[in-house]
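Take a look at these structures.
Shared between the two complexes below is chain A, which has chain B as its partner in the first and chain C in the second.
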Partner chain A sequence: MTPVTVVWRYLQGRFVTSVLTVVSVALGVSLVIASVLLTRGIKEAFIAGATDYNLIVGAKGSPTQLVLNVIFRMDAPTPNIPLSTYENLRSDPRVEVAVPVAMGDAYQGFRYVATTEAYFAPFSWRRHVPALLTGRLFRNEAPERPDYEAVLGADAARRTGLKPEDRFYEGEEMAAYPLRVVGVLRPAGTADDRAIFISLGSYWEMNEISRKAMIKPLTAVLVRPKRLSDLPALHRGWNVGPDLQAALPSAILLNVFNLLGLVEDVLAVVLAVVAVVVGLYLFVTMYNATLERRREIATMRALGARRATVLGIVLLESCAIAALGGLAGILGGHGVAALGGSLLAARGGPVTQGLAFSALQPVTFGAVVALGALAGLLPAVLAYRTEVAENLAPL
Partner chain B sequence: MTPAGPVLSLRGVTKSFPLADGGVLQVLDVEHLELPAAGCTVIRGRSGSGKTTLLNLIAGVSAPTDGTIVIHGTEITALPEARRDRFRAERIGYVFQSFNLLPAFSALENVVLAMMFARAIPRREQRPRARAILTRLGLGARLGHKPGQLSRGEQQRVAIARALANDPPLILADEPCASLDAATAREVLTVLLAVCREAAKTLLVVSHDEAVLAAGDRLLDMTTINARAEAAG
Partner chain C sequence: MRATATALALLLALAGLSIGPPARGEEIPRLTFAQLADSMRANLGVTQGIKAYNGREIEIQGFIIPAGPPDLSFFLLSRVSGTGNYCCELPSGQDETVYVYTARGVSLRYDPVRVYRVRGVFEAGHQVDRSYGVSFFRVRDARVEEAVGARIFKVGETKSP
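On to the complex of A and B.
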């Protein structure tokens, strides 16, 4: 028998109280872990999904809405812009690449993104080039004779169950325009995973308004200047007119991170309060247990246990409860984060599944055990100072 | 090897407690007391005569206000607390009136705990030894039972086994039969005396139970030991 066995017997002896205390610690730790993982996942998703294009030109309005919708497929699309915007940008000598994008409706929640093959082109400056897992890209066909071909992002293919050569449409009014899957992209960890890419020609034919009004609308144009020194002039120039705006994705991302930073600050205060509440609960549990056990502690001392031994037993018990709660909380927190991430992703939110082992787990575990030691310190000192003769009096 | 001479010797031992009004209450004043090796000495005295205080001082769980206590040639009153704890664990067995078994532990574990604290018996030998002692005391079928699952007589026998766990030469028993009915008290007393005689232990019992008084080899009265017995009472 060792002090560890003694602690284990004590935990078993007060099974309900021990379990409730472990659950309380676990809930607090879960909250911390899930919050950190989700905020980190959202940040990482924003970083991973950030575009390599320096400028986005779209309809006048909120630049944040424009960037969130075009790059991260969040928020509602901004109003349409004419095809001529793209043509003007393409012919601008300061522009290296211009990619037109039109945001359409959705199939089973996965948004149609109409664009050209340039969207998938492996330019040397691109960090992430969408790559095919299977099949091929859609053709850049003549707009008046579209092929209705679709390339699915990895999540869109997995969740809809669609595979190459499958045909699909949503709603009876779209039955005349069935799309055919020609390719599936590799998972990229970006919003492209949840998109269904089609050609602009297919989009314009499928869109009743553009079909009847004989117009070719776009949502935005992604722009890469030849020289970064041209970026300010392009940005200013496209913001002068009354109908169009040019947004800098990096600046918008910075705004988003600033907002996330505020959320993190509030979260840190909430989590600190949770840590204090959990610590206090653990303290009260251990304090009451020590008060209840004063006779047993006195008996141990009478049997020859040193003061340091009884102090160690109480501290070890407090740390054991914290450690068990910490382990359960870390596992639970990952579960909650995975669930929250899935729910967020299903609603089109950007989040990575941060299940990788990092400093977070050992640091959290160490902090929880330290909290356990702190909460057990006063009860342990109480045990240390227990007067043997006083507490051995016959019952 | 037990040194020659008395097992226990008290000289000029006093114990006082501070009072709330700033005064002092002296409850024990033992000028001289010696206990010969082996045999059973019974100290009788009425409630409040300082019997338990005397045992606590001999066991070293509390320190005298003044005087010296020597057990087997070691002056325990001169030892620092940690060494006194170790000495008590190895050399003194204590049987309490209320048994004081730890409720979360089985009978076997209660006995092993005493060995764990003393660290005098190698760990691998602790369980077999505890099993053997409990079996000798008729508890072979109760090893895994917790105190709450044992009768009072069985609980006191576990407490006796615990006192014997580290093979101490001196066993102290504080009213060992006071919490038991007459029949169980007789049974427990018989067992306690038998194992102590069998292992040549020195047994010091404080009691006011007639059956216990009659069973000892030597009978002392608190009024002759403690000059403050009347005041304490």
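On to the complex of A and C.
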């Protein structure tokens, strides 16, 4: 009988205990995997969904709220700013492109984003250019004669079931301004997937305040300077006034990542405690098993098994339990991460990739097997030192 | 025990390599924003003196202005903080801005009011990048770390902290 056969028989002999130990290890590992994948996925989704525009000008207030709302369609929109802000930026010789954006209402939770065709322009410096899957973009019509045309992001189209030529509105007061779908965008993996794009003219006519007060409000202006070295001057210039602010989207996201880093630190401590608990549970299981098997071990020794063989069997059993738990935990962790990612996406959060494979999986598996070896070391030494004469004495 | 000590020494040596001095004991020259500003010429050129550093590894200290993706694979290094000291100085321009392309795997904690030490391969001269536009000074394959206690001087003082 080989040591592997012996280990297999041992596992079968203590089936319930072995399964419970494997499940415990798997739960701990899945917690580690899911936590790491989700935090990493959120961060990567923020990076992937970040805008190529270097500056966002909006109303005075929280720059984080401004960036999260305008770029990631999260949080509430910041207060309105006048159209003249956009006109001033567009005529600034340091500015290459200025894109006005107005945020407001929503249809079935998918926010309206009013903008111009420039939002979809394929500039050479853009990493993600929104591209049409079907239909066309809305027309840049005269503000006083809006067409009420809408272009839907991929998720917005899929979840609302709207398709080109469909008309829609939400709320009785909007029945007089039904929007018509003219196009659907390709999935981009960004917040644009969850947006409904309309023209500024349509937005201003649908907005009761702007209609009655004859004003043309915006939420923000996305800015790309001709030379990036002008960015600090533009940023400073728009921040010194009392009504407007300019935010560097990447700087805001990096600050968010710094906060996320604190959460990761706390999580690392929690996961370390989980690893210790799992290791201790494995140790207790193996220790009790070795105590129960002292007579069997003595018999094996009496039949010619070497001390090293006995030591190897106990270590192998501990590592096998850890490896099985590790494998199950890695699979389970991916499942939990995928589920969490889809729940997060459904709530309008950043989309995460729960099934991404990296060094995490082999490193975790190796660490779990090493933890198994460590937990089995003392019981293995106990088995190694089992005296034949003492343990084969008549009961 | 001896093997553990050797492994530890090897790990420490590898860690030191990440931001340590170059091989063969060569000292990395440190450039200042004052030198960069002085090297600019009216015809969009730069002096031969600053061009002499082209292709060489240099060190420069300044504030990070995140102008690229939020993974800091690219950022501007400036003499003046982009978001910090509203009360002190006007923002710097092209002559006091270095376009930094970080090496793969560089990880750092961004703070708008801290000074960072950047080491990498220097390039001086007018260049147009598809993604980041016109630049005069660039550092490629850059490694970045916080320059604890460092201060940035407009002119004069250039000693390392």
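Observations, loosely collected:
To be clear about the criterion, the second predicted complex is superposed on the first by the 392 of 395 C-alpha atoms of A that agree within 3 Å, B and C clash if a C-alpha of one lies under 4 Å from a C-alpha of the other, contacts with A are read in each partner's own complex, and residues count from 1 in each chain.
Just so it is clear, a contact is a pair of C-beta atoms (placed from the backbone, for glycine too) under 8 Å apart; a residue touches a chain by one contact, two chains touch by 3 or more.
In this text, all values refer to a predicted model and were calculated from it rather than measured experimentally.
Taken together in the superposed arrangement on chain A, chain B and chain C fit without clashing.
When the two structures are aligned on the shared chain, A:326 is found in touch with neither chain B nor chain C.
Contacts of A:236 after superposition on the shared chain: chain C is touched, whereas chain B is not.
In the overlay built on the shared chain, the residue A:389 is in contact with chain B alone; chain C does not reach it.
Shared-chain residue A:300: touches chain B; no touch with chain C. Overlay on chain A (Cα): least separation between chain B and chain C is 28 Å. Within the complex formed with chain A, the chain C residues making contact are 65-72, 75-76, 78, 80, 82-83, 86, 90-94, 97, 99, 109-112, 130-135.
The residues of chain B lying in touch with chain A in their complex are 52-53, 56, 59, 61-62, 81-82, 85-86, 88-90, 94, 96-98, 100, 102-105, 109, 112-118, 123, 126, 162, 166, 174-175, 178-179.
Taken in their complex, chain A has these residues touching chain C: 46-47, 50, 54, 124-125, 127, 226-233, 235-236, 239-240, 248-251, 253-255, 257-258, 261.
Those residues of chain A lying in contact with chain B across their complex are 1-2, 5-6, 9-10, 12-13, 295-296, 298-309, 387-389, 392-395.
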